[in-house]
Amino acid sequence: MLLASAADLIVASPLFVLFMGSLTPLIVKVLNKNKEPNNFLSMIQGVGTILAALLLMVTVYFLLLSRANPFAFSNLIAVDGIAIIASTTCLLLALASLFLMRDNQSTNGDQFAELVFLTLNSVLGMLVLVMATDLLTLFVGIEVMSLALYMMIGISHEQKLSKEAAIKYFVLGSFASAILLQGIAFIYGNLGTTSITVLTEKADLLIGQSPLFAVGMIFLMIGFLFKVSLFPFHVWTADVYQGAPTPHTAFMSTAVKMASFAAFARIFVGSFLVNHDSMLNILQWIGAITIFAGNAGALVQNNLKRMLAFSSVAHSGYILMGIIVIGLGATKLGMTAVMFYLVTYSIMNMGALAMVSFLEKSYSDEISTDHIKGLAYKRPWLAGSFTVLLISLAGVPPALGFFGKFFIFTQALDQGLLWLTLWAGLGSVVGAYIYLKPIVYMYMIKDDDQNEVISEAAKDHEVYNNRKWFTKTVVLASAFTILVIGLLNTLLYHLLSARL
Amino acid sequence: MLAESISEIGLGHFLVLSMILFITGMLGVLLRKNILTVLMSIELMLNAINLSFVAYARSLNQLDGQIIVFFIMTIAAAEAGVGLALVVAVFKRFKEVNIRFFEHLKG
Amino acid sequence: MLLSQIILFPLLAAIILLIFNSKSDLLKQAALGLSLAELLLGAKLFMAFDPSTASLQLTENYSWISQFGISYSIGVDGLSFWLVLLTVFIFPIAILGSWNSINKSQKGYYASLFVLQTAMIGTFLSIDAILFYLFWELSLVPMYFIIGIWGGARRIYATVKFFIYTMAGSILMLLAMIYLILMHKELMGSYSANLLDWYKMQIPFVGGVLLTPQTLMFFAFSIAFAIKTPAFPVHTWLPDAHVEAPTAGSVLLAAVMLKMGTYGFVRWVIPLFPQAAQYWAWLFMVIGVIGIIYGALMALVQTDIKKLVAYSSVSHMGYVLMGLFALNQMGVTGALYQMLNHGISTGALFFLVGMIYERTHTRQIAHYGGLAPFMPWYTIAFLIITLSSIAVPMTNGFIGEFLILMGSYKSNPVWAYFAVIGVVLGAAYMLWMVKKVFYGPTGKELSGHKDHLVDLSAREWIILSPFIVLVFWMGLRPNDFLNYSRHSLEHWVKNQSSYTLDVKK
Amino acid sequence: MTNEYFIAIMLLSPLVGFLINGIFGRGRWGGYTSGAIATFFALTSFASAAYLVFGLTELADGPRIISATFFDWITVDELKIPARFVVDPISAIMVLVVTGVGTLIHLFSIGYMHEDRGVTKYFSYLNFFLFNMLVLVTGDSLPIMFVGWEGVGLASYLLIGFWFNDEEKATAGMKAFITNRIGDAAFIIGMFILFFHFGTLEFEKINSLVPVGPTLSWLSPLTLGTLLLFIGATGKSAQIPLYVWLPDAMAGPTPVSALIHAATMVTAGVYMIVRLSFLFAAAPYTLMVIAIIGALTVVLAATIGLAQWDIKKVLAYSTVSQLGYMFLACGVGAFGAALFHLMTHAFFKALMFLGSGSVIHGMHHEQDMRRMGGLKKYLPITYFTFLAGWLAIIGMPPFAGFFSKDEILWQSFSSSNGHWIFWAIGVLGATLTSFYMTRLMALTFWGQERFDKKHHHPHESPYSMLIPLIALAVLSIVGGWLGIPHVISEVLPAHPANVLEHWLEGSLVHPIAATAVDGGHADHAALEWGLMGLSVGLALLSAVTAYVFYIVKPEIPKLLVQKLGQAYELVFNKYYVDEIYQRYILNPLVKASEDLWLYVDVRIIDKLTYVLTDMSIGTGKMSKAMQTGNIQTYALYIVMGVAIILTIFFGV
């Protein structure tokens, strides 16, 4: 038996390309006598690699479409619908994050080559994670993704908070991974295999029969609940998002969430929630509490990044509703809703955090609402785009964010999750308030003479006029996408739905 | 069942031992103040998991579990490397290994 | 394509405005021109509309979110016809009304107005639930900015309150809409968010039990609309929003936005949930009556003119609610008429208040007094609108109130007895305000502004004269207006318990 | 068709005058120009009215009615209100009175008001009033009548507050409107009751649907509806309890008081009842209430009139009192008598108001009678015309007031709905009227000159003012001859017919089977003569007493005041009715509103919103408090989460 067939290698080719490409900046640096190469070049290498991987990924997907099963490496990974959606999104998000990293003061400069390397490897982990059809590859994917992230945060130019964030993330992340791994062990012991396909088939039965298996499932879920920051495993989120350099926050809050939820969703395909009410109830409670904890938590924050961190917690709550729907048997519809929400959420949050990154003047800058006072009068387009993003996050139509919520709510109601949906709806009212707040600061703060109050940060022409073109592009592009896809949401929906 | 478990050391014993180790590691993470000890506790948890994998593999009469352990050991090593690197970086700057030092980000 | 043009043209106008220089006068002129062009489209609608049928006309239907049966589907009938015309009519005037008072960020301001127009007209014309919801929510955003940026001192509080209040209500409506989409699948076999399809559903109803689908959804929708209307006790956002909004904002809020709530009752709540509506009609009549009296009493003790007018809105909209839930032809006709009346009289009142505020920079009633000798024509205009507001016969207000009271008397005399108290109180607070502002000795605070107390300018005449003409026209020849809605309303009332609407080929 | 045109001309010409003066004249035209325009249009209206009434007399056979339907006003469901106007025998009288007296008062106003700054406005309002009054009078359905009903109220509001710089006057206008609105609200409900009972609001149709026999139930739609309409009438016609606005309404220019608050508008309530006589006749309970209220008002207003010093206030209370007579007449079913008194009252009360206006004009806007006296030598023509009015109102034969008042008194005694108490109260009222009117004459025209001669140079008014006075004086004398009672006409040489009765025949419904009158003719003739003599005698006696009190021995009133003490205070302060309304209705209402606002809006509803906000923020703070920053705490959350989930799952 061959270790790997040619077909396997083709399937894994995006991963290889990613890894190989990730080495180029490092090699350039080494060849350059360890002198930091031009950042722009490093970024271009990263971007090129990502684009190549993206291309390969799509190619592989369409190649595999003709085959009966999309599995490779003895069913360890597969390039199926979930994988292709999640991986392309993750790759694109990584691309945007690279743009942000190139512009941001806490990431640009020394060690940028290493950063590109780590980013690409983190994406590599994500790809493995979303392709994983085996608990082992799943775990490996998580770890590759996370380890690279720990390092990325750790090498920020900001010295104090980023280190603390890295340590926090590392300790808690490893701790949660350990729990997840223990879960895998229990599952393995009772199932006799680590194949997710088998797991989803037999989970329903085994949960009832074997308590240890149930414990394993719960541990596995908890590992994911941690990664996607759901209550009460969300506490790290705000601290780490705040401490990490903003581009990394953008990367984490979008790509990591995307990959983790995609993998999380896979487990629920077996729809074991139907027969296990207690588990269903636990997840519903977690969803409802998360939405409120996130939205209400954001309510009392002034630091934009921290606020967006809490908001991202709340959004995880909404996505969990979709996951529950999958677990209740509406696999395809639920999966589409989840993926739709993830894609839309990623665009919005990437744009919003790009805006924060744009506003930062130095690596230690912490953007609070005060910084954006009167921004609309100095930077109308950016402020307008930010407004679009915020309104979308609030879920006000016709912005895209609304449709994400709409599909999730529709599916949840279809599955009879009336109370959860009601709470989610009310939570989004609280949520609306937090997204209105930055808008108030950008547009509406005036002094006694009715003149706009414009913060120093917003006035700073030197920073804003000449630099951070990439960041600006990301902001504008995401806002534009939000509006366009908002109206053409059906296209996106069908695009996703056809893959799943 | 009882007689059997007494007479022969079986899966249950290994699992109990593994859980004891796992919980010890967990308590270490929860209670120890030195960040290095916390890192070691995490390693301990991973090793406890290794033990259960091996035990399961043995009881299932499979090799998969054993192989997984290798993977885990590799990852654990990588994790330790990353963790130590971070700790060293922090220590170099702040001369601090107490876990309670990392409380600036909060609220 | 006409209706789509009417909906989307303002959006296009907003985009066109973005190319203008923010400071130039040309911007204002362009905005006015574009809004007049929209008015022409409205005239085109007027010509194209066929008043002799109750069917939905000029419909357009394009598939949109096909997987859930959601479509871009619009149409007009006698229920929405006048509201659309009111909207297109009031916008050019609103722009004229902002001519001198809005000096900052004009581009954004006029663009917001146009987006608002799209949202409002879209709300009135949507036949698809999600499309309706989209326009409904979209209307919040520009209004949020209009109040928040160009408003008064407490504008942020007011605008956020406005946004959150409305959003809280509409979320419930959204959930109910989703539920109906799913229910349509269950009952009819396919997803559909089309109102015309929904009308055909028999939604299970058990009287007296709260937790039946129809009752729950009835309340989910009703709460959303009641907040917008606004009905007691969810009215408190309105005085704040009105007081803080710039003149045109207040006008649009009063004249059009509040109508979205009551229109919702006519178009959505009552036909969709007929049994629940009949079962709970008493509740909404009581709410209407409370609104009438309570709003009037509140207006009686306000010291700020705008706040007084705002509370008068609460009172007037109480009448509308009452007329609607009388569930008979007279009540509903009166309610529809009262919606237009309120748009005209309160809209004009806000313009008038804005004009005087531009001169004196105060809205405190106590600061005024003896204004009439300085501004005689202004006083006359104010009086005429006041008469319309307190429903003196020969003005439009009378027709609406008379029909509403008559309709509610028919359906339940007791509430009509209470509601006429509002007739008295309405006269009391308005005339009290007129007396304090225009009569008596010249107010102390005004002495410093005497130079500014000039009578109406030509622009202001242009703003007010359409209102004045309409006040009398609608008061003397109501049939000219009612004839366009008659068939729709008759159909609406006669087939209440199994309302369906077909599309005119 | 021509009739339609004439109705249109009659209705619209005042409106045209209003618009011309209102739009073009403002601040440009002087008093003479605008006055001439306004008077011209009033005259046009009068001419058309006269033509129409003349046309009506020629329609001897068949239904005597001239109508014009202009368009359908409101058509909804079963409610159909055409804009239809009619001139029939009842409205003909009113049309003539309104336009005739109206024209005279327009004319008078030219002299009286021409120096005023707002004279153009004044004349436009006057025309506006005329228009609305005509709508009220000729409108052929309750809603159309209501249009005029509220329209005249509006005109009254504008004219009372004509000198609005004086806040008191502006307030009086407001008070008038709002008090009227209370009545109007009842009117509206009354309309609804009738509409849903009869299915129509057009007079003729209701007429054909009214049940034949009287409806003897308080709760029948007929009784309730008519009662509510009557409440509407108490507002407009200043009856208990809504009369309080009328004395205050004297704040307006005097010709306005003459036209609106004496001759025409305030009689609208009476007119409405007469117009709907077929309806009220079928509701005896309502009639009883009307009679009681009318009788009470007669006495109440008359007593207050005894103690007033303001010449116009005296006339105002007199008006309230006289209106009480008319309601009394309606209440006892003597609708014709009510209309008769309405007409004669219009003549003599307009005359007296105009006369007082002439006095006020001559005295440079002095209204307090304590600063008048002996004016007859300064204002001779005014004095003589006023004398005619005085004689008419105290009911001296053969002046107009005698005939109409006497008929009311006789009917209230003799008709089947009447009662001797009504008669007694009526006579009491007449006696009091005679007293305070003589007092007014004495204080104003007779006796010493109490005014300050340095400042006041009383002078006679110009002819434009005197001509109307003379015309009205003539009418006050001859106006009553239209309705000479049978007993008198029998003894008169030419046996003049009761023109009015003949004219109204068939138009009015008599609730009483007139057996009482027809039966014992001779006995009743004697009784009628006796009662007539009694009331005239009492009036004369009271007039003489007043003369003695105020001319011969002026110290008596002062003595009486001291003697009566509190009773006088009570009367002098108008029974404190205004104060009671203020204290027990208005103030509590305002206080309640303020409290409601503070407690319900601010403290409950908004508080609740804040509570919800605070709850959200509280949740946020809890969420924030979870974030201690300590890694091990976070790890503990994870462990606890695991523990809780496991616990719930395994249901331990």
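Each chain gets a letter, A, B, C and D, in the order it is written, and its residues are counted from 1.
Everything that follows uses one rule, which is that a contact is a pair of C-beta atoms (placed from the backbone, for glycine too) under 8 Å apart; a residue touches a chain by one contact, two chains touch by 3 or more.
For clarity, every value in this text was computed on a predicted model and none was experimentally measured.
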Tell me which has more C-beta contacts between its two chains, B-D or C-D. C-D
Once you find the CA centre of chain B and the CA centre of chain C, what distance in Å lies between them? 66
Which whole number of Å gives the spacing of the CA centres of chain B and chain D? 99
Chain centres from averaged Cα atoms put chain C and chain D apart, in whole Å, by 38
What is the distance, in whole Å, between the centres of chain A and chain C, each centre taken as the mean of its C-alpha atoms? 43
Expected list for chain A, residues touching two or more other chains, is 167-168, 171, 175, 238-239, 433
Contacts with two or more other chains occur in chain B at residues 26, 29, 38, 99, 102, 104-106
What are the residue numbers in chain D that touch two or more other chains? 624, 627, 629, 631, 635
Are the chains arranged, by touching, as a line, ring, star, complete graph, or other? other
Which pairs of chains touch each other in this structure? A-B, A-C, A-D, B-D, C-D
Note which residues of chain B are touching chain D in the complex, please. 26, 29-31, 38, 99-100, 102-107
Looking at the complex, which residues from chain C come into contact with chain D? 161, 165, 233-236, 294, 297-298, 300-301, 328-330, 333-334, 369-370, 372-373, 376, 387, 392-394, 398-399, 402-403, 405-406, 409-410, 413, 416-417, 420-421, 423-424, 427-428, 431-432, 434-435, 438-441, 476-479, 482, 486, 490, 493
Chain A-touching residues of chain C, taken from the complex the two chains share: 64-68, 104-105, 108, 130, 133-134, 137-138, 140-141, 144-145, 148-149, 155-156, 159-160, 163-164, 167-168, 171-172, 174-175, 178-179, 181-182
Interface residues, chain A side, partner chain B - complex: 136, 139-140, 143, 147, 150-151, 154, 159-161, 163-168, 170-171, 174-175, 178, 181-182, 185-186, 188-189, 192-194, 238-240, 242-243
Quick check on the complex: what are the chain B residues that touch chain A? 11, 15, 22, 25-26, 29, 35, 38-39, 42, 45-46, 48-49, 52-53, 55-56, 59-60, 62, 64-65, 68, 71-72, 75, 78-79, 82-83, 85-87, 89-90, 93-94, 99, 102, 104-106
